[in-house]
Amino acid sequence: MNGFQSLREECYEANMMLPKLGLVLFTFGNVSAVDREKSVFAIKPSGVPYDALKPEDIVIMDFDAVVVNGNMRPSSDTKTHALLYKTWDDIGGITHTHSTYAVACAQAGMDIPIFGTTHADHTHRDIPCAAVLSDSMIEGDYEFETGNQIFGCFEQKNLSHQEMEMVLLQNHGPFTWGKTAEKSVYNAAVLEEVAQMAMLTLQINPATPRLKDSLRLKHYERKHGKNAYYGQGC
Amino acid sequence: MNGFQSLREECYEANMMLPKLGLVLFTFGNVSAVDREKSVFAIKPSGVPYDALKPEDIVIMDFDAVVVNGNMRPSSDTKTHALLYKTWDDIGGITHTHSTYAVACAQAGMDIPIFGTTHADHTHRDIPCAAVLSDSMIEGDYEFETGNQIFGCFEQKNLSHQEMEMVLLQNHGPFTWGKTAEKSVYNAAVLEEVAQMAMLTLQINPATPRLKDSLRLKHYERKHGKNAYYGQGC
Amino acid sequence: MNGFQSLREECYEANMMLPKLGLVLFTFGNVSAVDREKSVFAIKPSGVPYDALKPEDIVIMDFDAVVVNGNMRPSSDTKTHALLYKTWDDIGGITHTHSTYAVACAQAGMDIPIFGTTHADHTHRDIPCAAVLSDSMIEGDYEFETGNQIFGCFEQKNLSHQEMEMVLLQNHGPFTWGKTAEKSVYNAAVLEEVAQMAMLTLQINPATPRLKDSLRLKHYERKHGKNAYYGQGC
Amino acid sequence: MNGFQSLREECYEANMMLPKLGLVLFTFGNVSAVDREKSVFAIKPSGVPYDALKPEDIVIMDFDAVVVNGNMRPSSDTKTHALLYKTWDDIGGITHTHSTYAVACAQAGMDIPIFGTTHADHTHRDIPCAAVLSDSMIEGDYEFETGNQIFGCFEQKNLSHQEMEMVLLQNHGPFTWGKTAEKSVYNAAVLEEVAQMAMLTLQINPATPRLKDSLRLKHYERKHGKNAYYGQGC
């Protein structure tokens, strides 16, 4: 076809995981997938229900959020995706959802505390909640500034986007990323589960202490460290 | 047929979305669809389970809640629908459910505070809870007065039914509307999701502040304003 | 066959509604159906998973809990069913589950307060929680005494089993009944939903007042009163 | 084949119950099944999604956690399974999950109090939460020491692994076991349900007392005692 077919299909397949995983109601989410060689990414069109979505509807964008190919209007969050791809040149996919428990944490403006190994298997730090944007950022180039707010949060908290592949935007919801679009969706599902577990833990005991360092690092390292022994090593 | 077939089918299809969206148990809900040219609306018959419902069971009513066509007894909430159609001449469909989280808010008599963009994507105001009806309204023409109670609430809170397409009735549950029956069901699902998110947010922090004005209006305007860029513009 | 086939099938069909309605995990529930002419009832065999259950497994019992027909051991709760049928001669079916929210209320020993019309559509009183049995009742004929405890609770609270078709047993779970086995399962699902709604309401505001008398009676009467206009009148 | 086919299939079937019962997200769980005659057990390979899992992927291990047969890397929790099989010579299967409510209790470090008969039908004691491992245990042979921590917890609380077939590991999640792999999965589902019920009970009344002795023992004995009358006696 026009050279974007496999990218469109990768993006389509990753988007279709969202309803299967129970992460979206109607059109409240979007996934993108990048092609680093061509310096473009594919993203869900805006406002299209998942059960009507077709691979050919996927829009191809460049990193300045200009449409390269496609007949539909891209997701309204496209500029956030574009800026993340432009700045973090080793990520391959991005997911944005309004999943219930992650949104609740974002609405309360709460970093998700690390309470257990389910969390530590994926990151050894609290999952950050970036502060709500300033009025001038909101009234300016809002979706572009959303990306900048994520960078500011990671810098302030000294977080690496390679070790922490998820963030909450206060009053909004989660963005997650990964080496592939599929991995970014996986991270969105993990974030939702970890958010629910943390909320239930705080319901039992609001003063629950964080996971101690040794266990926090043990679980992270056994899955992601130099001598990792989780998974099939591929 | 008798001229109401397509209206009956529109109403039937919208009703059948309720169980698919998890918004009803047994018969606890009803959707209606209007035909403005004929000044009639179609509504679910009372007490019929969704898996037994057929398009021909749908009852055709006028705006004074008199049966125009059909063999079954209409929903017991029909007079509320009739009064809303008669008064708000630009709405095309109405949905009533007893969905779990919306009912919990209604039972607690709580307006749903606007905490995030999921809410602001649909309305930039708190979702109102109309006070329980007075004894004389309940003992009089109850379902008709339910409509009046909604109007009173919107007047008192200075709300427009075009900008706010949902309401809770205290101690009862939600009514939602929209340009079509399908849109009213969509709003019923959004309300349930936003209600759950708000309750979870309050569980984390009962003193969570409302969404600030700039973000509240930004999200509403990007989807509903003059220069909206959400969706496919159709 | 042996004269019990249609009774067995009625009982089987009602039992199979429990997993479809999400009211049972594994074997944690049982439904029975009565044949008043023959003075027998049919009940699920003990400990048989729902996906292995067959109509011919259903056991036929008399009202003294003696097996009349069948090769399997009846539900361990059979004596409770037998005593309810013997004492309340106008009920046609009984359901017992361990559904999640109803059990939580039973474990906390809480009557379910009437907070809204979803509740009032089915009964205009709080749903009672019968106190835990005395040690001598538990160590005696436990399942038989469970029936007696229900009667004692209804007498003390001045409840009619015709107007209140559900009860919680403290520290145990719900029993529901009705004119048919199917209706008793319907009541079990309503109870679970009403229990969840009440718990969520109390989470928002622990001091939520009960539904006022006028609305409480209005909703009950429009569905169950002399001049009821809910449903198709059949 | 190579003599392990039926063991692999038993293990495979039990693993596939986890997603059906809603107990796992992605790869967050594992089930093993033992062959006492051959002194080996079969376990899920590490990091393989359930919908890609095949019986031939299952790995055969000895009780010192050495691979006996199979091409894939076993679950990272294998040493815990091995030590439990070696020490408790009458168990036939083990399940580990990260199910939501059980993990919340583990993260809060809470024993699950016995509040009702759903719990007492399976064990008459609180479900223990073993304390988080010491730093030296974590930094040493972590998964092996996890087994030792379970033994220490059972000894300290004077629990029998035959009467209590489940445990929480603080900050981690549940392990369950039983006479067969299938029974260990059954116990994992019961634990999740009982954990949710206990949390909801504490939400209603944080001071809810435990189940009294007579009822606690009655329900346990009617299902597990010498004169048990629950089930079909086989």
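Order as written gives the chain letters A, B, C and D; numbering starts at 1 within each chain.
By our rule, a contact is a pair of C-beta atoms (placed from the backbone, for glycine too) under 8 Å apart; a residue touches a chain by one contact, two chains touch by 3 or more.
Owing to the predicted nature of the structure, the values given are computational and were not obtained by experimental measurement.
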Chain B against chain A, contact positions shared by both copies (same if over half, else different): different
Inter-chain centre distance, chain A versus chain B - centres from mean C-alpha coordinates, in Å: 33
Chain A and chain C: spacing of chain centres that average the CA atoms, whole Å: 46
Residues of chain A touching at least two other chains: 203
Topology of the chain contact graph, where touching chains are joined (line, ring, star, complete, other): ring
Each pair of chains that touches, named by its two labels: A-B, A-D, B-C, C-D
Sites on chain A touched by chain B in the complex: 25-26, 28, 45-48, 72-73, 76, 98, 100-101, 103-110, 132-133, 135, 138-139, 142, 171-173, 199, 202-203
Complex contact set, residues of chain C against chain B: 115-118, 121, 186, 189-190, 193, 196-198, 200-201, 203-205, 208, 211-212, 214-215, 218, 222-223, 229-233
